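Paired with subunit B in one complex and with subunit C in the other, subunit A is shared by the two complexes that follow.
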Partner chain A sequence: MRSQAKIRAEFFVRCWAGFVLLFIYLPIVCSALAGLSKSRYFIFPVRQFSLEWWKRTVASFEVQTLVQNSLTVALLVTFISVVLAFFGALAFARYDWRGRQLYQKLLLLPIFFPQAVLGLALLLWMNALGITPSWRTAVVAHLVWIVPVVTLVIAIQVYSYDAQLEEAAVDLGAGRLFIFKEITLPLLWPGIWSGALFAFLLSWGNFPLSLYTAGADSTVPKWLYSKMVAGYTPMVPALGTMSTLSAAGFLLLGGAVIAFIRRRREK
Partner chain B sequence: MARLQVSSGLRYASPVLIFLLLGFLAPLVTVVAYSFASPKSFEVFTSFTLANFSAVFDTTNSVWTSFVWSLGLAAVCTVLLAIIAYPIAYGLNHAFGRYASLVSVLFVFPLFVSENVRLYGWVQFFIKNGVVDGVLNSLGWGPAPEVLYSPGITLFGMVYTYLPFMLFPMTLGLSMVPQDLVDAAADLGGGRLMVWREIELPLAMPGILIGMLLTSVLAVGAVAEAKILGGQSVITVVHDIEIAFTYAQDWPLGAALAVLLVLIIGGLTLAVLSRLDLDRVLGRR
Partner chain C sequence: MSSSESAVAAKAPLPILQLVDVYKRFNDFNAVSGISLNILDGEFLTVVGPSGSGKTTLLRMLAGMEAPSDGNITLRGELINNVPAKERPTCLVFQSLALFPHKTVGENIEFPLKVKNIPPAQRKARALELLQMLRLPESYYAKNVMKCSGGEKQRVALARAFAYDPDVLLFDEPLSALDYKLKKVLEKELKDLHRQSGKTFVYITHSLEEAMVMSDRIAVMRAGKIVQIGTPETIYANPEDEFVAEFFGEVNKFSVSLNEEWGWFSQDTESSLTLRLPTDWPGSEQATVIVRPEYMRFATSAHEFDNVISGTVFNEYSLGSRIQYQVRCGNKSVLVEIPRTLARNAAPDEQVMIGWNAADAFVAEA
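Coming up: the complex of A and B.
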C-alpha cells in the first residue's frame, strides 16, 4: 500500500533527476554539433552539417601523436595502478593492522588535493631532482592521483570478500600461491576490472596533471585546452567528441567484461 | 623471529606507501621549502624568509581577494549541490528501481570526459550565435543576455562539474539508513518531517559529510571553471598559484599560496575524516 504522498514524491524525484541529467549532457551535445557543422565558427541553428572537420582531425598527424601519447600514458597508468592498488586494497580492507586507520586517511589525501597544485608540486620536485618532464613523468603524476582512487574501488570489493575461505584453504593444506591464484584473485576480479576501468578512463581524460608534468609532450585534453585558449578550429569540438565517444566505448566494453565475470562466477 | 615479523597489512601497504612518499609527500615538502625561499628566486633550501607569507597577507596586495572568492564560491557551491543532489540520491535508493544502476552510470560518465571539453560545450551554448542566442534570435526575442565571463557562470560551472562528487557519497550515505527503522518510526506516529530529521538525516550523515567535504575541497581548488567560463572575471586561488609559477616566475610566492591552500584543505579534510569510521561507510560488514 503506497500513499498518495509517496507516489507524488517519487514522481518529483524522477522529473528532477531527468532534468539534471539533461543539463549534464547538454554541453556534450553542443560540442558534438559544433564539430559536425561546416562553418569555421559555431553558429546555431547549424546551417550545414558536414564530416569535414572529423576527416581533417583523423588525418592530422599532430592529432595522431596526441592520441598515441594519451593511450600510452593511460595504458601504463592502468597497469601499474592496478598492481599497486591491489595490494593497497588488501591492506586497506582485508587485514587489521596497527597503522591501518592512519593509512586509510593518508591514502585519501591525494584524492582531496587540487590537481593543478599537485601537478605544480610535482614539477617543483622534478626540477629539484633534475628530471626533465615528458610523457613518462606524466605517468607518475597520474599515478599519484589514480592509485588512491583505484585502491578505494578495489577495497570496496575486498570488504565483501569472505576471508574465511582463505583460512579454510590453509586448513586443507593449500599453499600461499595456490590460495592467491585460486581463491583471492578470482573473487576479487570484478573489483580489479572496475579499478582498471576507472584508472584508464581517469587518465585518458585528465588535464590538470598533464598540463604541468608532461613537459613538451601533449595529450588530448592538454592540446584541446591550448586550442580553446588560442587558435580555435572546429577540430577542437570534433576531437573532444571523439574522445568522449571512445571513453563511452571503453566504459561499455569494460562494463560488459565485468558483467560477464560476475555471471560466470554465479554459475 | 616473531617480533621481527612485519604485519601482513603493512607488507601489502608498503608499495603504495613508498610510492606516495616519493610522489606525494616529497613534492609537498619541496613546495613548503620553496615557500620559505627569498621572493622571485630559485634559492630553495639555501635561504629562509617569511617574506612570501607576509606578501600574501599584505592588504595592499590583492592576492588575498582570491582566497575570499575561492572560499565563498566553494561554500555556495557545496550548499547548492547538497540541495540539488539530495532528491537524486534518494531516488537512486528508493524510486528508480531497476533503472538505478543505469542512472548511476549516466551520472558517472561525465567524470571521464575531460572537464575542458564539457565546460567548453557550455561556452558554445551561451556564446553569441551559440545555442541560446540562436534560439532566441529565431524566435525574435534576441539577442540573448550576456551570461558568460561573470562570477555567476563560474559558480554554475563549478556546480556542474562537481555534482557527481556530492551525489555518490550521498547515495552511499542514504543507503545506510535501514528502511525498517523509517517504517517503524512512521508506524509509531512520527510525522514525515520528524522521521526525516530524527532518523534519515542523522543516519545518512557520514555519506552526506563526505560528499560535502569532497565538493568543498575540490571547489576551493577549482580553476578551469573560472578560466574557461568565467573569463578571468574571478581569479581563484589556484589560478593565482598558476600565475605565480608561470608568467610571474615567482615560485616562492606561488609555493606560499599553495601551502596556505593545503593548510585550509588539509584542516577541513582531517576535521571531517576524524569524525568518520571509513570501514562502516565503505560497507564493511
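Coming up: the complex of A and C.
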C-alpha cells in the first residue's frame, strides 16, 4: 500500500519536474529551431533545416563587433565589480561599525529598482554631466546594478569565514599581505569565483541598462531587440542561441573549475 | 599562599611575564580589573574561573590581541603593553584551534616557518620532527587537516604553535570540546610536553580537574580579579574563601558563630550542633566551616572523630571509584564521599553517625 503510494508520488514528482523543464526550455528550443530554418521568415513548423544563418551570423562583421562590445563590457564589469564587491562584502560581513546595517540595506536597494528606470535615470544624469553615452558608460551602468548582487554573493562566503584564522596567523608572526595571500584569498576564493560568474553573466545578458546607456554602441541583447523590432532575420534566433549556449558553456566551465579545486583541496 | 609562591620561586626565580595593576575596560565594563601577577619562566600556570570572569581577556592581553586599558605588562623586564601579537614571543592556541582548513597538516605546521622565509626542505624537516614529537604519524604530513579527528587536530595546533617556537604558550580552553577520555590523555601529554620543552605555559580553563592535573600553580579568577593563586594542593586544601572552595569541588558548609568556650563553636542557624573548631579560626565571630565530602567518614562511636553527628542516609551516588552518600542531619544535608572499597551497604533511611577531624576542615570568613 505504502510503497504503491510512494511510487505514485515519485511519478508525479517526475511529471512535475518534466513539465517545469518543458515550460522553461520550449521557447528556447523554438528559437533555436528558428535559427536553423532555411527560410528568412519564422514559419512553424520549420520546413527545411539549414546552418546557413548560423554561418552568416558567425561571418557577419556587425555581429563580431557586437560580441566584442558585449565581451569587453562584461569582462570589465566582472573585474571591477568583483574588486569593489570583495572589499564591500568584507566590510559588512566581517567588521562591526556604525551604519553597517544601513549600508547593507542601501546596497540592496538598486537590485529592486526597475532597470529600465535606472537606465533612463543614468542617461539623464550623463546628459547633465555632458558625457556621451558609449560602451564605457554602459560599464558604469552595469556596475550600479551588478556590484550589489556580487557583494551579496561574496558576503555569503565571508559570513562562513572564521576571522579567528587571521588572528591566529597574526599571532604566528604573519603580516597583512601574507595573510591576505595565504589565508583570506584562498578561503574566500569560491565566493569570489561565483561572484565573478554572476557578474559576467548578468552583464552579458543585460538589455535594459545597455539600451539606455550604451549610446551608439550596440551589445548582443540590444541588437537582438532592435532587429526584432525592425529588420528580422534568422540571425536573431541564431545569435540568441549562440549567446545562450556560450553562457551555458561559461557556467559549466566555472562549475568545473570549482569542482576541480574542491577535489584537490579534499585530497 | 605566600609560602607556596616562594617555594615555586626558589625553583625558577625569574618572572618571564609581569603584570602590574592591569585593567581592561570594554565601554563601562571592567573585564579585567586590577590584576598583578608574576608568571615565572618555565612554569605551568593555569587560570581558572567561571565564564565571564575575565580569563580570556587576560590571555588575549598576554598574547597582544588586546591592549590593557591601564597598568603594565612586561616581558623579561621590557614593557610590551602595545607590542602587537605578531612581534611577541607568545603563541595562543585558540579554543577553536583556528587551523587553516584549506591547508594540509604539514602546511599548517609550517605556516610560521613560511612566514620567516625558511626554505621548504628545512620547513618540512622541522614539521616532521614536530609530528613525531606530538605522536602523529609522518604520513599525516600531506593529510587534509579537516579530515583529522578532534584529538589529532589538537596535536596539529600544538605542533604549529611549537613551530613558531614561542617562549610562552597560551592556551584558551583547547580541550573543552573533546570527550572525557581523550581529554584525560591530552592533559597528561600536555604536561609531559611542558616538561620536555621547558617553555612557559599559561592555560585557561573553567575545569577544575584540568587545572589540578596539569598546573604548577593555579590562579583563581572572579569578576576580573585574581582571588587566590598557589599550588593546586594549597588551593584545594586551603581555599581563601567560599567561592574558591566551591569552585574546587563539592563542599559541606556549616555557618557558625563562636561559642564563649574557646576551641569550640556552634552551628547557628540550621541544626545548632556543637562542633570543634579548626585551628586557623580567623578571629571574627561569624564564619563558615567547610568540610570536603572526602574528609567525612562514617563513625562507629561518638568519639571516633573530633566531630560526630548523626543522621539518616537519604541517597547514594556512585562516582566510579568513589561513592557519595547524602546524609540528612536534622534539616541539613551532608555529603560523605568514601572510596568504593570502603563502601557500606547503607539502606535508605538508615540511622548513621558521620564525623570528621577538625584539622580537615577549613574556615572562611562569613
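Please note the rule applied: the second predicted complex is superposed on the first by the 253 of 267 C-alpha atoms of A that agree within 3 Å, B and C clash if a C-alpha of one lies under 4 Å from a C-alpha of the other, contacts with A are read in each partner's own complex, and residues count from 1 in each chain.
Methods note: a residue touches a chain if its C-beta (ideal position, glycine included) is under 8 Å from a C-beta of that chain, and two chains touch if they have at least 3 such contacts.
The model shown is predicted, which means the values in this text are computed figures rather than measured ones.
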| item | value |
| --- | --- |
| Dominant toucher of subunit A (residue count), subunit B or subunit C | B |
| First (subunit B), second (subunit C), both or neither touched by A:249 | neither |
| Touched partner set for A:167, first subunit B, second subunit C, both or neither | second |
| Touched partner set for A:42, first subunit B, second subunit C, both or neither | first |
| Partner chain in contact with A:186 - subunit B first, subunit C second, else both or neither | second |
| Residues on subunit A engaged by subunit B in the complex (per definition of touch) | 5, 9-10, 12-14, 16-17, 20-21, 23-31, 33-34, 41-45, 84-85, 87-88, 90-100, 103-110, 112-118, 120-125, 128, 140-141, 143-144, 147-148, 151-152, 155-156, 159-160, 201-202, 204-208, 220-221, 224-225, 228, 236-237, 240, 243-244, 247-248, 251, 255 |
| Subunit C residues touching subunit A - in the complex, by the definition given at the top | 63-65, 84-87, 90-92, 94, 96, 98, 100-102, 111-112, 114-116, 144, 147, 160, 164 |
| Complex interface listing, subunit A residues touching subunit C | 162, 164-165, 167-175, 178, 182-183, 186-187, 265-267 |
| Residues on subunit B engaged by subunit A in the complex (per definition of touch) | 7-13, 15-17, 19-20, 23-24, 26-28, 30-31, 34, 44, 84, 87-88, 90-91, 94-96, 103, 105-107, 109-122, 124-125, 127, 129-131, 133-135, 138, 160, 163, 192, 213-214, 217-218, 220-224, 228, 238, 241-242, 245, 251, 254-255, 258, 261-262, 265-266, 269-270, 273, 278-279, 282-285 |
